[in-house]
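Just dropping this structure here.
Chain IDs A, B, C and D follow the sequence of writing; residue 1 opens each chain.
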């Protein structure tokens, strides 16, 4: 590969990574070189439970795998649109107390009748940037693109059988025009899919707009950073990115008191009071620790772990409802796939199987299960903090 | 464990998780039950490369491990304070093209003379919340706590041999007082350590303040959500959380053109133009995709993956410097540990060994290496987007 | 007025405000009482250049006026869509150096060929909140409302001859549904207009939805805080609120050097460098001091001064363009009216007249003029800071 | 003035503003010219209640004044640290219903025992930016500056008799160093004062640092945008800017029901529910409409109206307290002056006199009064929205 041709040993300390060898031999060679270089035997890498050949499209310069322990949490009763089910979830984590905490929260939700989850929208986004001579040209361009929505929607089929163009959102910043292409992407997370499709659509735009309107496109970037891909943002919190999911439940007073050791009144006063701390933190969304649940479930199911950054934005809300407690977690941007990407890893496939989430037609289910377990963890943690159990649980389990 | 006593089978669909069995027998029993429940053979879990016994403190309800492929990236030349070194980094990821992209960016930095990294600060935070009758009492409380800083600093030793109390930051919100306890935590990430220490210090405060000042503390939470633990926030971006690290480099014009295919002028105009998109996204910090590098290095080295959410905040900056390009990445909150937590996993230990980052005295080094590789990825991605290589690379490697 | 009936003197220190007297007699009585109470002669209020009777709908408990000095700035050449004009603007301010600074910036823009301004959108928003029993009901409600967009659009005419319903944006947060009603409001700022219209439309919704769908609306608020009315927000920065305006110009190198004392290269390196400070401030949008221009022009022209908070969000961008400097200011939420509200004040009418901005059909023009002068101030201030003139100018003019 | 020399008539449409004439003659000449240009008689400007000569330091190119009506609101009972008082406030506004709403809220607070207000801190900030060759130099610079805090604190006296240097906060962004100089500024708002003092201190730094450390300072800006001057920001919300003020009260159930027409339970459930809308708006701080109160009181008392942008950030909180309602408003950045700036305007002086807030030693009082009245308005508006009075009140008073 041309751009890597300088990546050859120039002195004793450099490895010869031979990236072209995507097989066990290549893996062994690379591993042995890095062992020599660092002067250590890297025993956990000697045996690879995963074959190099099976990882095409997932990794380059493969040297072996890290093994992350998985704990089983549940049952958590889900009230889906079509069915009610108790679900167990595999949580991949090395943080002691996390699985126990989720189990406790799930128990409290299940005993109260379960969690209701719904997918509100599904929007994956790619946002190229176009450069013109002045603002009138960028306005003209945005209008033209908007007027060609139906054409672009049809052309999407030329590039993908899964992506559906839902919306074109245009932003003019002086002579620069940003177009947010919003797609549904079936059961794939869809970042790559939308990149390729958008590149294809932009090729068509770059050809046809200048001819039709006589305006030169002076520069073009496939992404002007407006998709907010890989970055937590107010935009994604507001508009949603990938799946927006809501999880709600009515926690029974007796269950709260028995399992979570607080009354609804105590929960409300303590939590709402802490919520005012938001002016001192400036966070996007408010929750206690949804990132813990997101990370553990993403890791188990082969999701892109970089997305933990953007996907862990969520708003957690509680309020008294009669004698009981209404609780709600809104997750605006859960980027999950049950096909493609890391979901092809064999251990990820097994974790998806455990929850009946593997393959086509399952991404909505997976997103809802993640949101439900995230709510379970929120309930457990917020009550542990409120009741004083938090410190003890971590001393017992997390040291 | 009392709170789990209801977690027994109530009907056929429920597992008997027997959480007390933290051994291979328990693991097999749980695995076999979930296989029965989901009706699938979960083959990747049958053999566990990690023993249940070794995972005490890292997981509950252990059923096996997921295996995430690791690719080797580098060399990247680091100009540390004390030495210059070429470093190879293990990236755990299932996202194709990521390792290649980091390799390309690292090459461009290395050929330009390497990346200079520095740790600017090291602050782990726990922030309890205290409730009083009115604002005068909460003000009096904050003053009293501030006046006892030296006492509290000494008492920190009673609870930890690693934590050092650096600062007490008090926030009054009416009758509620928040105290941010800021610690250095040696080479541990330190979230649990600071929880235990702060709990100990608060015990002392809860006893002594009411007696000395005659003011009742009406409520107390070990965390009022002001530590911003597990949540990306403007506060952590501004003040830093755990290690704040800067990585800078001067990219030579010839290297830029040859490896990254753009001139400094092209980089500056395209990147700065896209930067104005920030008003349309409302993100905290600005960068292209540091979360990719953070996630891959955190996962390889056993860091808490939930922290990818808060740790992936960063500000990436480029400017022309004479004929060349000055580049800088500021990562305000890199929470890493080279002892404790997930760094005890055997595969994590091997990954840390590869970079000479295992054990005491190595956390600063690890944080800097992560920031350096994150900058390498930024350079590669921003230039790939700018030069049009982005789509092709993902089509070639990431499908 | 019933709710004020307790507002009678209960002891010597209380005034008898007699709110019903909206005439000069009432004004004199109130003034004389407050003079007695504070024991001072409030001379500047003795003569009122504005009659109490003329202020119906603008003030209650009228006691007189404050007089804010107005300075004339310009000329600034505008390249509007339809014409090119040099405009002078009245700036109401007590901050020395502000008018001079705007004059300097306007001169530099005018000598460079003027500023191009365009209104990109016009959206005033009111966002009621509806409460249901569970998320399925709130989803059903949002769908029903969306399906009745055309009906609601027609019904808008029953309540206002100016408001046009452009869009309904629905947000589901568990059992709570928020509907953002987006209107164009002609030449009025439109906050009150959209309140009344939305109240009317909601009345219809509250009657018809329960009957048609058999779902009870358990609670209703005319505003659930999602309009972001009176509050600076990422939402308004992203989506726009009232008029979104862009102002751009190409500053000639020679003009920059002569008038603003910096080269394009110096401007770019200094400004882009400071822009990275954004990670340390967490502000919405980035600019130097547009609030100065907004406040002075809003005050002169009778705009709602509370809107200075939300309207002063803006993104200022500069980049080298050949030998010259391209500059752009994006103001996403300029809430202005040339009819109604404070534009009815006689001095405001004169200020609007000076710019040919009074009355129907003029709000787009006013918004553009404000954005243009805000850009002029940005250019002056950023260059004054960059060239070292900033301190001296304030010492000379602002003490 | 040199930079304005091109501001002479170049064609018929240009004015000859003759800025040097800071007297009535000059005013008349400018006014007459603009009347000729726009072809209108600007009658409200013919008579000026304020003399041109008295406005030196407040305005350039003076042509007259705008007259903004003032309504009297109150009484509001304040529980200051040292005294209890009922206060009436002059609100300058053209927005109908605002004064009435404040009166209603003030009544409810007063009948409940009044509002308790406290100033928590007082910090005005100027933040110069220094440029070096690399990050090691900028780190060395920040350390050196920190080590010279006492010296710089003493030198502050050479430049101002009011400013006191409280803190130096340093931020390293690669080769760029930002220093936040934090001062108390007595009873002046202090933006200009801190500019001049900081310029003086930087002159000393620019001379002494290079000599002492042998490191060249390659560039210097008096402001690198880190003071957040004139811009609403998370930083100012977190750290405070100028005066941070808290206002709290316990609203009695009977008063709430009678005056504000809601029970504490209704207030809590409706308000806390709407608070979750924050994830959809991304605003800094949460409140209903404090900007209305800030703008009206700032305008009456001669404050810098551009500061309405940054000063209107606030966090409003309510919670049930037994049978009653605890309410709290935190205003982190109230920038007010009772000497200097616009407080010298004669009508501003009268408004300050009404509240016993004129002159030295009064800025803390003014800041507290503003926060108290802002809380009164919050109570009135949130309850009007909650009880359905909001629409009616605006229809009655604000059309």
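Methods note: a residue touches a chain if its C-beta (ideal position, glycine included) is under 8 Å from a C-beta of that chain, and two chains touch if they have at least 3 such contacts.
Given the structure is predicted, the values throughout are model-derived calculations rather than measurements.
Engineer: Using the contact definition stated above, find the chains touching both subunit A and subunit D.
Structural biologist: B, C
Engineer: By mean C-alpha position, what chain is farthest away from subunit C?
Structural biologist: B
Engineer: So the centre of each chain is just the mean of its C-alpha atoms; given that, what is the distance between subunit B and subunit C in Å?
Structural biologist: Here the centre of subunit C sits 41 Å away from the centre of subunit B.
Engineer: Find the geometric centre of each of subunit A and subunit C from their Cα atoms only, then give the gap between the two centres in Å, rounded to an integer.
Structural biologist: 37
Engineer: As a quick test, compute the distance in whole Å between the mean CA positions of subunit A and subunit B.
Structural biologist: Computed from C-alpha means, the inter-chain centre distance equals 17 Å.
Engineer: If you look at subunit A, which of its residues touch at least two other chains?
Structural biologist: 173, 234-235, 238, 273, 275-276, 278-282, 284, 286, 313, 315, 317, 328, 330
Engineer: Can you list the residues on subunit B that touch subunit D in the complex?
Structural biologist: Contact set of subunit B toward subunit D: 81, 116, 118, 120, 134-136, 139, 172-175, 234-235, 238-239, 246, 248, 282, 315, 317, 326, 328, 330.
Engineer: Taking the touch rule as given, give the residues of subunit D at its contact with subunit A in the complex, in rising order.
Structural biologist: Listed in rising order, the residues of subunit D that touch subunit A are 234, 237-238, 268-269, 272-273, 275-276, 278-282, 284-286, 313-315, 317, 319-320, 328, 330, 332.
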